[in-house]
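Structures for review follow.
After this come two complexes, each holding subunit A, first together with subunit B and then together with subunit C.
Then we have the complex of A and B:
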């Protein structure tokens, strides 16, 4: 039983990382209808930026981490202004391929720094543990869950209670009408990309103590994409939920199921979930309400 | 004549001419030997590719500074295939046709090696010491292919057998990456245990790039393992060991040569203290180095502005084998003559503490023996000699 709870908590923590990356997908997809294939690369860049600020410039971690998130947000905004904006009005594939290419360029620019391409790094976060009775939690896992909760609450407040947040929502729901009402749709696109990039960077920094910082750490986005689909691709809470679901199922399957089956189960469940809730878990309530 | 017919004529002429050139003819310039390498400088194993290349560059530069080999300078022609067999095929063709590479050395990654080896051998070029633990790199015997590293099977069989016998483990388990690498290690561990009339008590896998090992470690702990063999790479080694220590499980672990890296203890810190590993070549620690090794480390740092690691040593060693064999072959250097010379070479231990490399006309695998090392006070310490 203890092993079960132990593995469950790890699953929740890793699931939160999947969920955060899924969230960054959805933020961008909802606002701009672009499926971004560079979230994994933005995540990696975020972690490396934090590392560089900490190791090279000597900034303390509490300063380096927010600075890295900010830097990646600016990078996301810049990419939107310089490149992605030009894909609006083109077929969907153009934007998708553009993000794919930009992702490769990000990866290539990090790889061109020999020290980054060859080594794996750890952020100077102590590998502490937290004991709750017999249950032992890694401090890094606790951090992941706490930051995810705080970030989710902050995003919810932003979208509900701030003017900018509501305008962004309006533009996401119906860009045409929002433009007719005089809302700055183009600027909201830039904001959506900045937010999406920032959330990916947060995920990267949270993943850093778990898997260390290296060039391939962005591959975790491959897991986040199904999580976003599971959440319905347009629901922010759905994306988070989808991520946690995938993380927990993956972890428990590894503990309880025989070799060979465990890797299939998360995806089989994903298919079942999509069959039952074609609009995704997040849209389940709305779909039922409209019936 | 239509465009198409003209094209077909040109094509058939070039094919006919191409066929007229006998395979295996490498024209060696009077003043240069080109050594090709299809490396990975940007892909998933760039962390090996770059230091291996640098190690080779360093040794070839030294040979050239000493007047070259029988008056010929050695030029290392590097192509980056990024672990991608499609790019590797193009790179190998370019090195064969355009650079007229005399030999290929340290091609990087099993998919790359499997795709390019036929091209290289068909062109009559030497295929030396690829970074692929695959038997096809030295068997069946081919006059031009030589390998320096045994498959994981051999190293892990010897290491597991030795450790289980020496420490009396009763319940050996395995955590493995579920690909060819992991399966190869599994076979080696099973063979070792079979020889001791024991069984592999529990095995559990992970996918490459996995982030969390809590379920695997919980499973192994439930099986009450007293030795866990890790078919992992650096990051997973650290994660697995840290997870076990986190939940208070003080089990012994043994990792393959893939986890034998200074990065393992640099990243793992206290969590990986006591980890056993298989070492095929020693890591060049600056602290406590012999005078010769310290000087080598200093030269490497000055040249590449980086710390040398076990892969740098490998690159340097492979290039050294090439230089010494080319010198022994004499001025009339051909692939066949080089291969015959290599078959009779006996390479004695060097400044790094490498194993002995020995080839013969019947056996083109230079070494089958690794040794056991353990992380003590944050560095790998050899605890046995090279195991038979």
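Then we have the complex of A and C:
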């Protein structure tokens, strides 16, 4: 039983990371109709930026982490202004190739730094363990869950209670009407990319103490696609919950099923979900709510 | 279409001339053997690229895991030939494996279309890659396996010329079949679904079935390419058929122009030429930074970005 709870909590923690990446993907997809294949690379750049600020510039972590998130947000906004804007209104393939190419350039740039290409690093965030009775939790896992909850609450507040957040939502719902009403749609696209990049960077910094920082840590973003599909592909809370669900199922599969099955479970779930619940697992609830 | 022999001949010359030029320049620059080896690769890539052209350019759907279908063809061919089946007899099985893979990969999204095809084909590709690495009794797992040469009734295609000729023959057959399909009601249905799904449905075309046909044909072509690729490379392992290969094939179709069948051939030429060009650049550039491991990735990414931004309809398309 104890092992079960232990695996469950680590599944929730890694699921939060999947969920955050999925959320960043859905945020960008909803707002700009752009399919981003570079969220994993933004995640990796976020973790490395935090690491560089901490190790090279000697900034304390509480300062380095937000600075890294901010830097990646600016990077996202810049890329939107320079290149990604051109993919709006084009077929999905254009955005897929464009973001894949930009992601390769980001990964290649990091790989060109010898110190980054060859080693794995630990960020000393929450490196110890928490003991609650007989249950021993990795502090990093608890930290991931707490930060995810705070970030989700902040995003929800932003989308509901601030003017900018509501305009961004309006532009995601119907860019044409929003433009007719005089809202700055193009600026909202930039904002969506900045936010999406920032959320990916947060996911990278949260993942840093769990899997360490290395060049290929962005591959975790592949799991964000099943998470987004489970959440219905256009729902922000759905993406986050889909990620947590995926993380738990994957962890339990690792505990109960033969070796190797764990790695396939997310993608098998994606295909089954498309067959049985094409609108996402929460579709029934949403349909009832709208009646 | 009118069949004026003189005009047809002129057209054939006009179509063939650039290729003659490409071949002559390649032979002059690279030497016969190297050029033939690369030509074999171009022709094989072009067959796989045709599969993407059918799915992406003709039917207007998106396929993010085409490399897995190439892998299915390659592994089917390799396993059957290793068990003593003659290569030409194994090829239909490889084609079938690719076609079946295409259907399976697209099945969950067949009524949803759009991005959902991207998701399901991507998931299928990742499952196949993992499966090939885990099913060690048949595929030898991540260690990969050697593939015997291409042999027909005692004649072995072990010279680069023979390999290039076999690939050329396969490509010409694939092109002819595709051309025929595009002229028939299949191709018209694909284009109708691509241009306006609702209108196509109103005309009595079943979009889900039509899309699945496109994935079936695309998968079959990828399977054929995989079967040949396995022979020419001589050694296959799961990681050769990863996400990067899938994106190379997408880019191939995009660069060549996915609206035309010949786009696959032009795109294949560019894709195969990129790595040696980067290697040449690397040697020509002074200083240490050119030796950095990430340069290739940066350049490859930059080529994709540049093509997408500068020539959104590809090299053969009108922009």
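We adopt the following convention: the second predicted complex is superposed on the first by the 264 of 291 C-alpha atoms of A that agree within 3 Å, B and C clash if a C-alpha of one lies under 4 Å from a C-alpha of the other, contacts with A are read in each partner's own complex, and residues count from 1 in each chain.
What we mean here is this: a residue touches a chain if its C-beta (ideal position, glycine included) is under 8 Å from a C-beta of that chain, and two chains touch if they have at least 3 such contacts.
Source: prediction; values computed, not measured.
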By the touch definition at the top of the document, which applies to A:111: first (subunit B), second (subunit C), both, or neither?
both
Once the structures are superposed on A, label A:93 by its partner contacts, choosing first (subunit B), second (subunit C), both or neither.
second
Subunit B versus subunit C as contact partner of A:207, first or second or both or neither:
first
Name the contact category of A:233: first (subunit B only), second (subunit C only), both, or neither.
second
Look at A:252 in the shared chain and tell me whether it touches subunit B only, subunit C only, both, or neither; answer first, second, both or neither.
first
Touched partner set for A:35, first subunit B, second subunit C, both or neither:
second
First (subunit B), second (subunit C), both or neither touched by A:263
both
Taking the stated contact definition, name every residue in subunit A that is touched by subunit B in one complex and by subunit C in the other, in rising order.
108, 111, 114, 117, 263
Report the residues of subunit A in contact with subunit B in the complex, numbered from low to high.
3, 6-7, 10-11, 13-14, 17, 108, 111, 114-115, 117-122, 127, 129, 136, 138, 207, 210-212, 214-216, 219-220, 247, 250-255, 259, 262-263
Footprint of subunit A on subunit B - complex, ascending:
41-42, 44, 46-47, 50-51, 178, 203-207, 209, 211-212, 214-216, 218-219, 221-222, 234-235, 238-239, 242, 246-248, 263, 267, 269-271, 306
Using the touch rule from the top, collect the residues of subunit C that touch subunit A in their complex.
56, 60, 62, 64, 107-109, 111-112, 114-116, 118-120, 122-124, 126-127, 130-131, 134, 243, 247, 250-251, 254, 289, 292-305, 308-309, 312
Using the touch definition from the top, list the residues of subunit A that touch subunit C in their complex.
29, 35, 83, 86-87, 90-94, 96-98, 100-114, 117, 222, 225-226, 229, 233, 260, 263-264, 266-268, 270-272, 274-275, 278
